[in-house]
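One structure is given here, and the rest of the page talks about it.
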Amino acid sequence: MTAPSQRPQKLVAPDAVGGLIRAWLDDGDLLAIGGLFKQGRPMVLVREVIRSGRNRLKLVSSPGSGFDADLMIAAGCVAETFLPAVTLEDRMCPTFRSAVENGAITAHCVDALSIVGGYLAAANGVTFQPVAAWVGSDVPKHNPLIARIDCPFTGQPLYATQAIRPKLALLHAQEGDVYGNVRHLSTMTYADQMMARAAEKVIVSVDRIVDTETIVARPRETTIPCIYVDAIVEAAYGAHPTGSFPLYSIDEDHIEMYATLAEAARKGEAGADTALRAYLDRHVHHALTQQAYVESVGGAQRMKALEEEAASL
Amino acid sequence: MTAPSQRPQKLVAPDAVGGLIRAWLDDGDLLAIGGLFKQGRPMVLVREVIRSGRNRLKLVSSPGSGFDADLMIAAGCVAETFLPAVTLEDRMCPTFRSAVENGAITAHCVDALSIVGGYLAAANGVTFQPVAAWVGSDVPKHNPLIARIDCPFTGQPLYATQAIRPKLALLHAQEGDVYGNVRHLSTMTYADQMMARAAEKVIVSVDRIVDTETIVARPRETTIPCIYVDAIVEAAYGAHPTGSFPLYSIDEDHIEMYATLAEAARKGEAGADTALRAYLDRHVHHALTQQAYVESVGGAQRMKALEEEAASL
Amino acid sequence: MSRYPCSPAEMQAVLLARDLKDGELGAAGASAAIPMAAMMLARLTHAPDLQIAGEMFVNPRPRQLWNSMLDDRALGACEAAETFLELFGHSHRGLDFFFHNGMQIDAFGNINLHHIGGTLHKPKMRGPGAANISYAATSRRFYICTGNHSQRTFVPRADFITSPGYLDGPESYHAAGLAGGPCLCVTPLAAMDFDPATLRMRLKSVHPWSSVDEVVANTGFDLGIGERVEETRLPSENELSLLRTRVDPKGLLRR
Amino acid sequence: MSRYPCSPAEMQAVLLARDLKDGELGAAGASAAIPMAAMMLARLTHAPDLQIAGEMFVNPRPRQLWNSMLDDRALGACEAAETFLELFGHSHRGLDFFFHNGMQIDAFGNINLHHIGGTLHKPKMRGPGAANISYAATSRRFYICTGNHSQRTFVPRADFITSPGYLDGPESYHAAGLAGGPCLCVTPLAAMDFDPATLRMRLKSVHPWSSVDEVVANTGFDLGIGERVEETRLPSENELSLLRTRVDPKGLLRR
């Protein structure tokens, strides 16, 4: 008598992601990118954003960004950033730097507490989050997200940081199921959970889809429950060249190669602009599938080396 | 050349807990109790509070309380409660009810958002948390923890709930190590993590101490890191008669037995007061060790039945 | 009642299940065996995509019913565990539906769980209070489900409004800025809904084992009863079979 | 420098390690190989109860050093993982110690990571910004650790104060309501501390491979140098052995 379950899946085919991005993100919208520095970045989705042709985007992330922001700026998608730190850690982000210096983008002066507080407020369903910090720094003098407020109990003046509700959040994790339950296997989970709760729409790339029964077996390990996820896509090595621990490590060589190209372009070296365009063509515009992308960055052999590095930690 | 690690342990002997409670909690202080309704209650620590002779305490918990609060009220320790719901779920809490009705205690009118928001503010290191709810209810009209505030961005009026910083939080989990790293194995973790971050001092009872290497093997599963814990004590069945899933289930029979005694006392039935005192003597005042307590409530056989019930779920 | 195929509690669960829609997101509170049964039954029948979340766990799979709801025992396995931190957010954003019970339920669907008689701090009878009062105001709608249909429970006006229904009617409801509200009240005797114009509770259908007279005699306010009152449609074979084999194999709702 | 037993970076790590106290709670930021080495070395020597926490992980056990610090690779195993939610709390309550680096470091220990020259939105050079600026003001003290000792880095006054040191001296520091502040600055050439009266940076000791003249020539402000300047005490055999076998087996600090 029981009808077979017809619960709809949130798993989407890789070639459907571009359409979802165009449907859920307009030019000029606020886009949130998961991960932190060189880990857990949904690079497969970031490349889709670039190919989607969306531009004048406002970018927000966890407090630490780098490669993904620099690439999107190089591709001309970005008008404003709300990123506390933009760095490749070993070196600065060349395109971010030149884009700010030549006025091509506006890099708003924000810090971790205003960004995390903004997600927290949005996730909590309120319009602001109190912050009692920032004494002495010049950052709050320029931060467009904050206001002064008095504590109604102590009378103490403090700051309020406004709710951040991205139009779309792109996240990456190691595992998820077809209904959109997501599980990070990495030790760090960054601000991904808060961003999922704060954003209007959420797309998650996972290195592998797992059976729902393995999710149900360990419910406390589900980092992002399905109710916050609008689409999930399977993309092996979807975070490359950033790391997806414990599955594969950061491809420092690739990031360094990119940074060297971008730094040469920043300095206006002869042919550098063309080389940076060629990078974007090869690894973004012409690498239309994740498989093609992986081939373009060294293929199975390179991925194996990154897996081995991650396993050895 | 390396000196052996001399990292001090936070594991304390069971007979040292009473002294810590007297050192960290004064008469009239705000005491926080972990768990929710009939699960995860640090009953072994609650009995120590009763034996410590502390009184006029103010009680706070997660939004759902019951047996532990009723027992502490019956023992005469409590002057005020900040507990959104006080119930045994199947029936009301008899002593709580009579103590409010006869004016022996003040039961403040609070709800989940003011309590959870208060912990969140304290854990966040700010003095208040915004709340945009409660329209139409009489609860906020009487809630002593809240104030009106205007959003500095939207101008919208909303509430602020003040930071709750308990003097001492008592929590229970299934596992922990000697340094105070705590791991819940239960699916629900209640408000325990927020309470640990909000309170000035934290004592945790765990059903078993595990090796630190097993903690390090799964760091994302550490629910309360050692930096928030001041003392940890090993007490098998330390949550009884509340449940400590997945290890042992709720002892509904014991709670029902207590509630029947307390209900008779509430109604002023002949001899009921004496019977309730006898319960307290037998299971609290005279059960000076956890082993003695377990014997007093049915011993190994009863515990085994509760373990089997939990395992069958 | 043995001539009827189901118990009153089973009838309540089936009535609630029928009203839940596929794709919705909702939760019950504590002490909510009937609402849990309703949600599970809806998933097994017309609403496979019903999402049960908002109270610290996502899509539980209980293997049997319990009187409690918010514990590991009553959840069984689930797809994700959240904490009170996330409940804070759900409480603000609301759900599609939620369930309430009350010591007092009044003509406008206001719920009282705090005190009967006296004042809050000098009550004649003190109730348990409510863990989370926000869903009443922030969810799209809520159900009222009680095991007591008596004049003691169904009163003209609640002594204290723990969770708001329609307050004192349309004017006060709109003035307060409320949205949503109670949509259906199921008891062991009958089902009531709310008049869209007056926002007052009204009799919708009477269970086969009861009568309009019995309902009227046990309700402390006028239920706006018209000429003809429907009889509640009993559970179908499929509904009852799924309820008893898959949702409530231990028969908690038949006790 | 081959006549010296250690590299400048190793010297910096050892100097910082010696200053950390047992039982303290602290963290480094991103790109913090030297601070990570200092904390690990302190735990292996005089501070077994040093707690490394505040940046989303508790007591990491890296198996080697990396230039980054805030990733699973650089953490190794750890006792607990937190998230940015908890970092929000740590940032307000502060730690015992934290570490900063800067594009510009000025005479009062102010740190600039935003821009050099021009204005914030029309900069001559835009820096990376800072993920978390709060620890500077809320932690009990902070260390400054940089691999560049040059007049470009050590400037009289930072063009932009990302993380505050002592601002423009005692008056402005106290007026701002600051507490804590920079306590020690270690570079490849020297160690500097701060004069308690003027709150200005001053030379404390010069590494054996450098000289007062070299330090002065590479610092853009007066270091209040007295008649005699101490030579930095080189790492002990035990310090160096632990650093190289247990903390930095791959020799990142010797590159």
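Lettered A, B, C and D in written order, each chain numbered from 1.
Keep in mind that, in the parts below, a residue touches a chain if its C-beta (ideal position, glycine included) is under 8 Å from a C-beta of that chain, and two chains touch if they have at least 3 such contacts.
Values in this document were obtained by computation on a predicted structure and should not be read as measured data.
Peer 1: When A-D is set beside A-C, which has more C-beta pairs in contact?
Peer 2: A-D
Peer 1: Roughly how far is subunit B from subunit C, centre to centre by C-alpha average, rounded to an integer in Å?
Peer 2: 29
Peer 1: Roughly how many whole angstrom separate the Cα centroids of subunit B and subunit D?
Peer 2: About 41 Å separates the centre of subunit B from that of subunit D.
Peer 1: Give the residues of subunit C that touch two or more other chains, as numbers and ranges in rising order.
Peer 2: Residues 57, 78, 81, 85, 88, 91-92.
Peer 1: Enumerate the residues of subunit B that touch no fewer than two other chains.
Peer 2: 124-126, 131-132, 187, 189, 219-220
Peer 1: Okay, what are all the chain pairs that touch?
Peer 2: A-B, A-C, A-D, B-C, B-D
Peer 1: Looking at the complex, which residues from subunit B come into contact with subunit C?
Peer 2: Contact set of subunit B toward subunit C: 36-39, 62-64, 83-87, 89-90, 92-93, 96-97, 100-101, 103, 106-107, 109, 111-113, 116-117, 119-120, 131-139, 142, 186-191, 193-194, 243, 245-246, 249-250, 309-310, 313.
Peer 1: So in the complex, the part of subunit B that touches subunit A is made up of which residues?
Peer 2: For this pair, the touching residues of subunit B are 121, 124-132, 147-149, 151-154, 156, 158, 160, 162, 184, 187, 189, 219-221.
Peer 1: Please give the residue numbers of subunit D that touch subunit B in the complex, ascending.
Peer 2: It is residues 25, 44-45, 48-49, 51, 53, 57-59, 61, 77-82, 86, 88-89, 91-93, 237-238, 241-242, 246 of subunit D that touch subunit B.
Peer 1: Which subunit C residues qualify as touching subunit B in the complex?
Peer 2: My answer: residues 30-31, 56-57, 63, 67-68, 70-73, 75-76, 78, 81, 83-85, 87-88, 91-92, 113-114, 120-134, 136-138, 160-164, 167, 173, 176-178.
Peer 1: Of all residues in subunit A, which touch subunit C in the complex?
Peer 2: Checking each residue of subunit A against subunit C gives 1-3, 5-8, 123-126, 179, 181, 197, 212, 215-217, 219-220, 222, 224-227.
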